[in-house]
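Each in structure tokens, the structures are laid out below.
Common to both upcoming complexes is chain A, partnered first by chain B, then by chain C.
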Partner chain A sequence: MFFHNLKYELLINLRAPALIAWLMIFPIFLGTVFKIGFGSIYETVDSFGSIPTAVVETKENEIFRSVVESVSEGDNKLLDVTFTDEENALRMLKDGDVKGIIYSGDKVTLTVVGKGIQETIIKSFIEQYNVYADIITDAVRNDPARAQDVIAALSADMTACREVPLTQGDPDHYAQYFYNLIAMVAIFGSVTGLHITETNQANMSALGARRNCSPTPKSASLTAALAGSFIAQAVCMTICVTFIQFALKIDFGERLPLVYAAAIIGGCLGVTMGFFIGSIGRLSSEVKNGIAMTVSMLCCFLSGLMVGNIKGLLAEKIPWFNNVNPVAIISDCFYCLNIYSDFDRFSFKMISMAVYIVVFTSLGIILSRGKKYASI
Partner chain B sequence: MKNSVVKIDNLVKRYGDLTALDHLSLDIAEGEVFGLLGPNGSGKTTTINCLLSLLTYDKGDIELFGKKMSPTAYNIKKEIGVIMQNVAVFDELTVYENIDYFCGLYINDKAQRKQYVDEAVKFVGLEEFLKSRPKKLSGGLLRRLNIACGIAHKPKLIILDEPTVAVDPQSRNKILEGIEQLNREGATVIYTSHYMEEVEQICTRIAIMDKGKKIAEGTKDELKRMIRNTETMNIEIIDLPDEVRSKISVLPHVYNTEYDGSKLTVYCSGGKHNLTRVLGVLQEHELGFGRVYSELPTLNDVFLEITGKALRDKED
Partner chain C sequence: MQVFNAFFKVLRSKLGLALIYIPVFIAMTIGLTFADNGGGVFEQERLNVCIFDEDATPLSSALCDFIGKRNDLVPLENDRDVIIDALYYGCVDYVLTIKSGYADKLSVGKTDELYESMRMHDTYSTVYMTQMLNEYANTVSAYIAGGNDAITAAGKAGEAMLKDAEVNTAKFDDNSGAVLTSTAALYFRFLVYALIGLTMSTLCPVLLAMSRKDIRYRTNCSGIRPNSYTLQILAGCVIYIIAIWAVFVAIGAVMNGGVFEGAQWIAVLNSFVFMLFTTMLTIFVSSFDPSINIINIITQVISIGMCFLSGVFIDQSMLGEGVLSAARFLPAYWYIRVNRMLEGSEPFDQNTLVLSIAIELGFAVVLAFMTLLIRRVRYGGMTVHKAQTSAACITE
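Let's turn to the complex of A and B:
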């Protein structure tokens, strides 16, 4: 009986136009819009890590060469250097293969074409070198044995303007919008939650009345409906995260399985919220749908989906609010996973979601129990 | 005497100041096709909802198959097939899936369920639409699907709440024939409608309801015998003298006459050869007349005479 109900609940959910529209098409569309909107910023940020640069040695300068080589090595190298002649360097600059040409001789000079972040970084690097050049020269003259240590230390200083990984992850400001997008899809699970009450309560639809005439206990019917909705929602959440991660190439970090887990639990939270709203009072299903959508959108707004800094503002003014806003809790899960190396904050957010799920489900069942169809 | 399948005793249901059911009692025996007839708002659907424990009620008792009905009386519910007034199917499921889903709420065995679903599909004539979604079906086909979902599990008691509303004549006939067949196969049927012709056609016993009360109950012949009118004659005639109409009015068994300038209507109560006598008076006065036809009383006449109002509006 349970599996029979579950099978059809799944079919009903996965074929429901509202679910397909709100939980599959809409997030894909909105995610794509975000990606297009933030696209140019992402390109800049992506190339921030290693700036292609040509070096033309007009005169031998071993100290500068050592410094350049030291900032062009390793995983977090600042420059991707090509030593070449001037003609080739100019051609590379013209073709966009390099962002600037460094002329190394008695003096170190720079030629760039654009005025972007990468050009500015190379310029800062050259300015810093020129400031420290005398110190390095003194070190070479006075204590040649320690010259390499000094160069290494100064090279580190020169690259200090780069992002410093205080945490394990990538604190991408724009990724927050995608976290909120996933949280929005999760909370829109309230649509499927509402559908459960609509089709199980005799006072809300003919289907509800019809089901209540059958020998299937209400508890069994609700359990199958909730399970079906959870699975359908999990499918939607998986599609959403997969699309953002692999199609839009928004990096969720190295803890992808936990991202999926958080998204699915968040989706279940959305379903139970809809189930709870649907179980309240004797309002029509249209009114309840309106309430669910309003609550969902408000939570999304206050979580920063529409206005990026509102969440921070709320954290400052009403510190507890982000801990009770379901959308903020869900999006914070992804943030915690990407930012913090430990799991304390992530675990707290997951537990918060679990508590919400239990409370919403319990209240929904209590409120649904014994409802009687009442109209003539 | 046959077993009582449905027993409603002194049922009262109130919505605030409105009494939806006013001390209603019914006793429906096994094998009957019992009609609940009444205008909209008379309490038919409320009676059905109370019967199915979808509604609480203020007073009274309801027993089905000799056991008290309650929301958790699953053994009783297993034996009931319900066809709601509003079509209750899932738009997301196909015709076959809908019938299978509802049948599965009653029948666990897969093989048996498949057989029942196939039979239900054939019964309502939806073989060509098995993979169609309900939204693609016409109103009549949708009603047939609704019925298939209600009867697929072969219930002993079938409750049909106005199943032919907004249905084309072809589908209506199919539905009515189907109900008669289900009854022949052993099911007890409760049929609510405000279409008196349907109730007259298929019901073995009828209760007429108005304002939450049962105002009459019996077979259609018993109900018709309850009223004064047994025959209504209509004679097309122009320039009928008053003295002739007066003579007709005092004929035996005639209790009323009406004349609108072109048609004489004569109401009789009992007796035989009434038409012969009326036509005899007209011939006696050498009056020519056109079309003559006689009507037997309908359930509407019964309702009209008991309540003073028509059972349903003419446009229905």
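Let's turn to the complex of A and C:
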């Protein structure tokens, strides 16, 4: 009986594929929008590159010129310097070609249009030059015998700070929008989950009424409907991950099979959530749909789909919340696979999803168990 | 006015659904407003730095004080996972460990590997802090080489490095300046998402109920002309949406810190015109009679897609030229342009402002005409006529 029902569940999805098709189209469309929108923001905005700077020499200052030239050479140069006149420098600043203008003369000053990290770095560079110049001048004036030692100390290789890389994964934090997109597709599986109760409850559809009259045990029809929805959702999730990984070239790391597994289990979580919402009370289909959509949207919002740093804020203020938000749990799986080399946290997230699936399914079955034709 | 009255009758029956969506969208818009750190406007750069002081000596404390004067010190649990999360989500810009033995090494002029920084990738923040820390060590070392003891050297280094360089701000546009408070500007920015989402989610069920086959066939049999029918529906929709919009504008006034004044009303006008667009978009989409599930997915695609491309969720200044060129074909882009002028991120240009609002209105008008056309074709008897013709053909 189960396989007979499962066959027809799958046929329903094949013959009325509008919903499933939209669930496939929507991550493809939004993923493409994300890729176009901020595919290269991390490289252009966040990643370090030499800072374009104009230098206007109001008076000859050989020492400053040589210092500027020394920091604008090599592969890891700090500044990308253009020596020019004031008029051209201002035009470059206005057009955004440079981040600041350094005026060098008796005094070194900076002109900027705003204050960001790049402007702060140029300012810090000038301040350090001033500090070094003051220290050397003082040493020569007060204690010439120690001046050489002072200059040697200032010229020492800068090795005070050792950098410890934390991860071998892709640190592009914009990738989390794609993780959240997959999580959103998964949680939108709730729409297919709602469909299960809709087609099994006599007061919600003609099909539900017919099924309630039939001799098929409710357990058989419900499990078959759940299995059918799991399969349909798994197909959606597989297409979604494949598109994002291979067409949009978003790097999930080297553990791709686990990415697929997490996405599929996330999809099943979404289906069971919909099944649970659908089983609550005798609300109309529209209201249940509204509840499922608002819960899903709110979870997506709190997981950082719209503003990326919200998950970090919540982790700081309410640390437990990201462990109960289903969308955050799903998107965290991809984050853990990308960033962490071990599986501890990933395993915890997968177990959390499994617990949610069991709880939602159990509650859904308990709530819909007593709903015979006569009791509705 | 029969259709108009029927519209409100159906609307009343769907109010429960609207009451589920409205508080959620209000909460999300307010949440978005306060969650965004206002990346579009440059401010004095203070980094969030977390320091683990393993040395715990007066010298290491002097370094902590020095860092804390120009940055914000953030406490974090010394756990690798917590640190990774904080760095990845941008809650912390830099994590520094002052290694044990820092004071002893620095006192004898050794500056190698005094501290460790944990990082995800080379960003401007990490480069800036690493460079500053290296320079601090060299400066302290130079003062010690100049004959000072370590504590005095650290004090002098800190004092010297905190002297500000002279920085001038170039002003190229005399008429740039914020009209709205930053909170109100962010609120009106994120209002785009709420207006699209809320209009489509709450209005579509009403429109779909109105165009249900049995009701539609009955209307087609009546004497009401298709255009009159559509216009009455349109009027009902606009009145309903104005009520919702008024609620959001009232919240916007709270965000603004009081009733709107002078040029601030432009933000209200801008949102009103955008609301007209979302109403037309909703009527247009529902003209195709999709199911409620599909409407929900279409709503997400349109609202999230348009918001990302137009600079609602990510500031326009961070989007590439190509993206912005494509976004010009979306009304939300023009809405955000006006909002940016009002928040002072773009020079206030009256012509651009009028043009932007006119383009938004243009989108609404085009959608209204397209809706009239589609409804005329779908419900205005043409379909019935076609069906009759087909039936005739079969009979023959």
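We take it that the second predicted complex is superposed on the first by the 238 of 376 C-alpha atoms of A that agree within 3 Å, B and C clash if a C-alpha of one lies under 4 Å from a C-alpha of the other, contacts with A are read in each partner's own complex, and residues count from 1 in each chain.
Just so it is clear, contacts are C-beta pairs under 8 Å (C-beta built on N, C-alpha and C of every residue); 3 or more make two chains touch, one makes a residue touch a chain.
Values in this document were obtained by computation on a predicted structure and should not be read as measured data.
Look at A:A206: by the touch rule set out above, it reaches chain B but stays clear of chain C. In the superposed pair of complexes, A:R15 makes contact with chain B only, with no contact to chain C. Of the two partner chains placed by the overlay, only chain C lies in contact with A:V113; chain B stays clear of it.
Legend: residue contacts after superposition of the two complexes on their common chain; A:M1 is shown touching chain B, with no touch to chain C. In the superposition on chain A, A:Y335 makes contact with chain C only, while chain B stays out of contact range. A count of residues in chain A touched by chain B and by chain C gives the higher number to C. Only residues 1, 4-5, 8, 11-12, 15-16, 199, 202, 205-207, 209-217, 370, 372-374, 376 of chain A touch chain B when the two sit together in their complex.
On chain B, the positions that touch chain A within their shared complex are 15, 18, 20, 41, 43, 45-46, 49, 52, 54-56, 71-72, 74-75, 77-78, 80, 82, 84-90, 92-93, 97, 101-102, 104-106, 108, 149. Touching chain C in their complex are the following residues of chain A: 18-19, 22-23, 25-26, 29-30, 33-34, 36-38, 40-41, 44-48, 78, 90, 93-94, 101, 107-121, 123-124, 126-128, 130-132, 134-135, 138-139, 142-143, 146, 149-150, 152-154, 156-167, 171, 173, 176, 184, 188, 191, 194-195, 285-287, 289-291, 293-294, 297-298, 301, 304-313, 315-316, 335, 339-340, 345. Chain C contributes residues 14, 16-17, 20-21, 24, 27-28, 31-32, 35-37, 41-45, 47, 80-81, 83-91, 96, 109, 111-128, 130-139, 141-147, 160-161, 163-172, 193, 197, 201, 205, 290-294, 296-298, 300-301, 304-305, 307-309, 313-314, 318-320, 322-323, 326 to its touches with chain A in the complex.
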